[in-house]
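Pasting the structures here.
Below, chain A partners chain B and then partners chain C, in two separate complexes.
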Partner chain A sequence: MDKVMSNKKIITLYVLPALLLILAIVYIPIVLTAYYGLHDWNGIGAMTFVGLAHYQKLLMDGMFWSSAGHSLLLAVFSALSLIVYLIVAMVLASKIKGANLFRKIYLIPMLLSSVAIAQLWLRMYHPTNGIVNSVLESLGVANPPAWLAEPSLVLYALFVPILWQYAGFYILIYYAALKNIPSSLEEAAKIDGANSLQIAWRIKLPLMMEVFKVTIVLAVVGSLKYFDLIYVMTDGGPNGASEVMASYMYRQAFRAYDFGYGSAIGFFLLVICLVVTWAIRRATATKDRIQYS
Partner chain B sequence: MTLSLEITTATIELKRFHNKDPKGVENVFKKKWTVLLLTLCLALIAAGCGSSGGNSGAAGGSGESGSSGSEGDKVTLNFMHLWPAGVSAGQNRIVNQIIEEYQKENSHVVIKQEVLDNEQYKNKLKVLSASNELPDVGVTWAAGFLTPYVEGNLFAPVDDLLSGELNGKFVAGTTEAYAIDGKTYALPLEFNIAPVYYNKAIFEQYGLEIPQTYEEFKSIVKTLSDNGIAPVALGNKDRWTGSLWYMYLADRIGGQESLAEAITGAGSFKDDALVQAAAEVQSLVDSNAFVKGYNGLSNEEAKSEFLNGKAAMYMMGTWELPNFTTNEDIPQEFRDSVGFFKFPTVDGGKGNVDSWVGGPGVGLFIAENSAVKEEAKKFVEYFVTKWGEQSVTGAGVIPATKVDTASLELPQLYIDLFNEMNQASSITLFADVQMEAGAAETHLNMIQALFGKAVTPEKFAEEHDAAISKGN
Partner chain C sequence: MVPSTAARLGTENAGSRSPVGKLGYLLLYVVLIVVAAFQLFPLVWLLLFSLKNNQEVFDLPPLSLPMNPRWENYEKVWSAGNISVYFLNSVWITIAATVLTIILGSLVTFAITRMKWKGSSLVLGLFMVAMMIPVHSTLIPLFSLFNRVGLTDHPLSLVLSYAAFNLPITMMILLGFYYSLPREVEEAAVMDGCSVHRVFFRIVLPMTGSVLATTAIINMIYNWNEFIFVNTFISSDTFKTLTVGVQNFIGQYTTDWGAIGATLMISILPILLMFLFLSDRIVEGIAAGSVKG
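Take a look at the complex of A and B:
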């Protein structure tokens, strides 16, 4: 096996299919998007070159910045929720009864398709028949809000299913990382008289810090380009109160038929994601890595 | 796809981290992730197959689409439409019937269907036209929707069909909506107006009568909302639904002409009467006229409020008629209790009670670069004729071709509305269909904002004029 793998030609052969695919599906479209973004184009007819006019418009576009604000808020909430997931994962990884069952329960939302989740929560949030308002009413709340129609509430109402959807994914990653910490370390700490809180805080957390950092990047970038539940559940409404960057891009391109501007937003979104990723990696970089032994 | 990419990066990171780890832990770990990744890839592939399988299943809906491609001199026509069996059962059945008959009469033609739901249909059409791969025959909307496709030279003119066998068969004013610069680019299938449907049982219970004036309408709203019944079902997440209400108020207060001129850009939305109409929308909102959470409900959700008897009124196009007349899925008792009224006149307004908001619904286009254009034209001609004959009784829609209702046995509600349509003093085409895409988007956003009281009527008017004068 080692012999085969050291052959440069074989390596090229093995890497090529994936490379071609990723070029065709990811990188070439990115270049094309950048190209379209410099043109006035309705998606069908001729393109006219307008230079950076779309980006100029973008910087002045109040709707875009408010949707960017919503995306950022989602990113903050996703990042904060990671702490909760981490705690859940730690509880699940310790030897409690039924941990296996709970792990599966947490994972199930991840297996549902976004549209199914959206339909489920649409029904739960229904202003008059939904379970959320029915419960609130039976608890004596006189006039429970129409969650998805109230501009001040809609964004937070949407965050709940979005965070719920990805909980299983992060818990799984943390769980895997926790299981990978040698139990000898934990035992040694126990012998030294550490309680479980101290073990979690001083032993487990530092050892899985690298994983934690990766998940922060995943959560933040994933939130910045988030689209599906919002598109199905509110379509960015009412009055753009739940619009995020990706849904705004979709609206410009596919509703207003302004593919040039839509492409410019898409490319700008990519730039934002790259900058944010770089900033997070930079901010969380540590010089000395902790080693097991 | 994105998910698997994310996981790949995660794996790489995890591996890098664990390279520091001696002993066999790493191997076990790696194996776990490889298995997980493999499963994920498989799942993605399976998902891909699944969805394409679903599509082809829908496409084969005719039951005998048979083998594609051309055996001998067989001609394959691709036909894309938006009547899935689940949502539009009546229409779907007729489409399949017509296709079956056509294939029987023309054995050399095979028609392949692709069926999508309304919004998806619009998106797919857009994508296909960008890559110049439109189906031979497809469904389009009128006016503003049509314009970019015609400008992009994607639709073939069908004037020769109009002057041929179909000459004089269409209801006056229907084909004009599909004409640009004197050429017609699609043949209309339906013709719709939007009345206010109401639940007779609820009206009776509270001793209410059909409103003749807007004042009476407002007192009905008050009575109903005082009694805890939602007066009007409105799903304004979809936005064009609210547009109907604004258009009627504008029509009744300012008259049909000022509304029509404002939409085309000849007039202005800043016209006092039109601003007053916008203000009137907000006063309806203030009097709790609309069902709770209307700005977050889709049209389908709002409709179910009406169908369940939770809301007393519902303004919608005549395409909903089957649900109130022939659709067996809806209880007979409810269907019998649905009536309609014309949007009442406003005191001192210039509007006529016989002026309607409506217009042709969808029409059939033929792709300009279709390899089998002549065959496609023949099929469209056949389809339009048959549709006119069958859709009345089969689906309960009002076709754009002339029908003799006297010779058919039809539900009373249908006949009444059909007669109203023939007596209409004017029919204003739905604003969002009439405007071009960019302006229509502004209009729809502004409608939602107006109903949500996020803009003032003055600002509402200003934004409209700005978008329409920009002209894209």
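Take a look at the complex of A and C:
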């Protein structure tokens, strides 16, 4: 058995295609990003080595830091919205008929393409014919704003569809985790006279901490590298008011043809994502995991 | 679905509750329905305006039903422009990438979980870490790599990129299943003189049919919706997929609401249909592979 199952030729044959693919498409580009970031390069011509000049420029680039601030703001909103999703999931997981149908409905936006969602929300926010302003006008609001053209509003207007898109995803994860809590715990607590709120707060919430940590990492890192809806809906505008790190990188590389600087931003983005993942895991690490069952 | 003990207990309790408890129960329902309405409302509005002409969009209340549903909007956009070309491109690229991912993913997962070799945990780690790498950090080098080998503006660049970036999530869903497969069957087969290929293709692979279907669906959804690779690598209309095609097409028809609505509906319809018939598998797949950001 062991001899057959450790045949080197066959192992190579099975592993190599996938391994080569992921090395070529994911890992080699990461190394190249770091390398390009140290050069001046327009994407076609010769590269000139400039050392850390791009990173120095990055540190002084006000436009980059304002886009980083926008990404961070999105991360904060995404993380805070998790609390709402957790509450909705708790409601779903408690004595609700049709919970399965509800969580499926919530998930629909996440399954649709970002382009379709972006184009749809562009129409929703249309200053005169969009449904948002139609509703506001019928409620008696005079002159509702042009949401995506207003520098002070655009970022928050964009956050709504982004959160809308992912809400069902997090609710689904929390719901699945809640359903994994053995029902004997809840029954025992009920017999001891605990009410629903106490059960939610004292028993379910502590048991949810592990999955909550995972979703915080997902939400924060997902926000820091967020790109799609913003690129399609406003392209970072008006005047950079909704620029985020990924869209700024894209602009530097594929619009301004500054591939060297774009790569430096791309590499910086990668480092930020890895560091933040590590930092959140570290900050929320608990020595003793609670186990009830 | 068989309701869990907790759910059954819950519903029984709800029936015998005090009036206050009943009111609270009703309130929970209201919350869930409001969330569901919020998730569905934009899509309902989209469906409605895809069946109207401009005059009806502008003059009638936004949520009024179209008097004469204008299905010609759909005919118009399907034949005008390249929507049908984009659609077919999306179909075959989605399928090709999904098939490639599933074959490579199954082979490597089998080798990692069932065969004995040094470095298997290292290789597994390599695939899992790839999940945390932001796509945007690989974009510039990928673009220049594909450029160098003549694959920019070639659908193969998309198939390879999709397969590479979806391999980790695919393997993650497969891993759980492979670990739970009993070894006895394989052992008996090997004793009888089966080759490894035969064990894999004739015995193990057929047993994974159900989980393969789940991974295939998840892969198809991600591939169908992918935007940034197409937008970056593909420049000619003959190879564009629906996401980028829709984006360009709508750019030309910014004022014809019905046409825009119909285009968006066409682009999301395959996913909605899939959801209608396979929602359980989709939910299962998304929950299993929830680490993808």
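Note that in this section the second predicted complex is superposed on the first by the 272 of 293 C-alpha atoms of A that agree within 3 Å, B and C clash if a C-alpha of one lies under 4 Å from a C-alpha of the other, contacts with A are read in each partner's own complex, and residues count from 1 in each chain.
In the analysis below, contacts are C-beta pairs under 8 Å (C-beta built on N, C-alpha and C of every residue); 3 or more make two chains touch, one makes a residue touch a chain.
What you see is a predicted model; the values in this text were computed from it and never measured.
Following the overlay on chain A, a clash is recorded for the pair chain B and chain C. Once chain A of one complex is fitted onto chain A of the other, the partner contacts of A:V214 extend to both chain B and chain C.
Contact with chain B, but none with chain C, is seen for A:D258 once the two complexes are overlaid on the shared chain.
In the superposed model, A:R103 lies in contact with chain C only, and not with chain B. Judged by the touch definition given at the top, the superposed model places A:S183 against chain C, while chain B stays out of reach.
In the superposition on chain A, no contact is made by A:S66 with either chain B or chain C. Contact with neither chain B nor chain C is seen for A:T284 once the two complexes are overlaid on the shared chain. When chain A is checked against chain B and against chain C, the one touching more of its residues turns out to be C.
Once the two complexes are overlaid on the shared chain, A:G222 sits against chain B and chain C alike. The clash between chain B and chain C in the superposition falls on 110-118, which is one of the stretches 20-28, 92-100 or 110-118.
In the superposition on chain A, the residues of chain A touched by chain B in one structure and by chain C in the other are 25, 43, 173, 176, 214, 218, 222, 254, 259.
Residues 1-2, 4-8, 10-11, 13-15, 17-19, 21-22, 24-30, 32-33, 36, 43, 88, 91-92, 94-97, 99-100, 102-116, 119-121, 123-124, 129, 131, 134-135, 164, 167-169, 172-173, 176, 179, 183, 186-187, 214, 218, 221-222, 225, 227-228, 232, 246, 249-250, 253-254, 259, 262-263, 266-267, 269-270, 273-274, 277 of chain A are the ones touching chain C in the complex. Listing the residues of chain B that touch chain A in their complex gives 1, 6, 9-10, 13-14, 16-18, 20-22, 25, 29, 32-33, 122-123, 126, 129-130, 148-149, 151-152, 154, 236-237, 239, 291-297, 301, 305, 310, 437-438, 440-441, 445, 448-449, 452, 454, 472.
Considering their complex, residues 1, 4-7, 9-11, 13-14, 25, 28-29, 31-32, 35-36, 38-40, 42-43, 45-46, 49, 57-58, 61-63, 104-105, 107-108, 110-112, 114-117, 123, 126-127, 130, 132-145, 160-161, 163-165, 167-168, 187, 190-191, 195-197, 200, 221, 224-225, 227-228, 232, 242-244, 246-247, 250, 257, 260-261, 264, 267-268, 271-272, 275, 279, 282-283, 286-287, 290-291, 293 of chain C touch chain A. Remark: chain A residues 25, 42-45, 122, 125-128, 146-151, 154, 173, 176-177, 180, 182, 210-211, 214-215, 218, 222, 234-235, 237-240, 251, 254-259, 289, 291-293 touch chain B in the complex.
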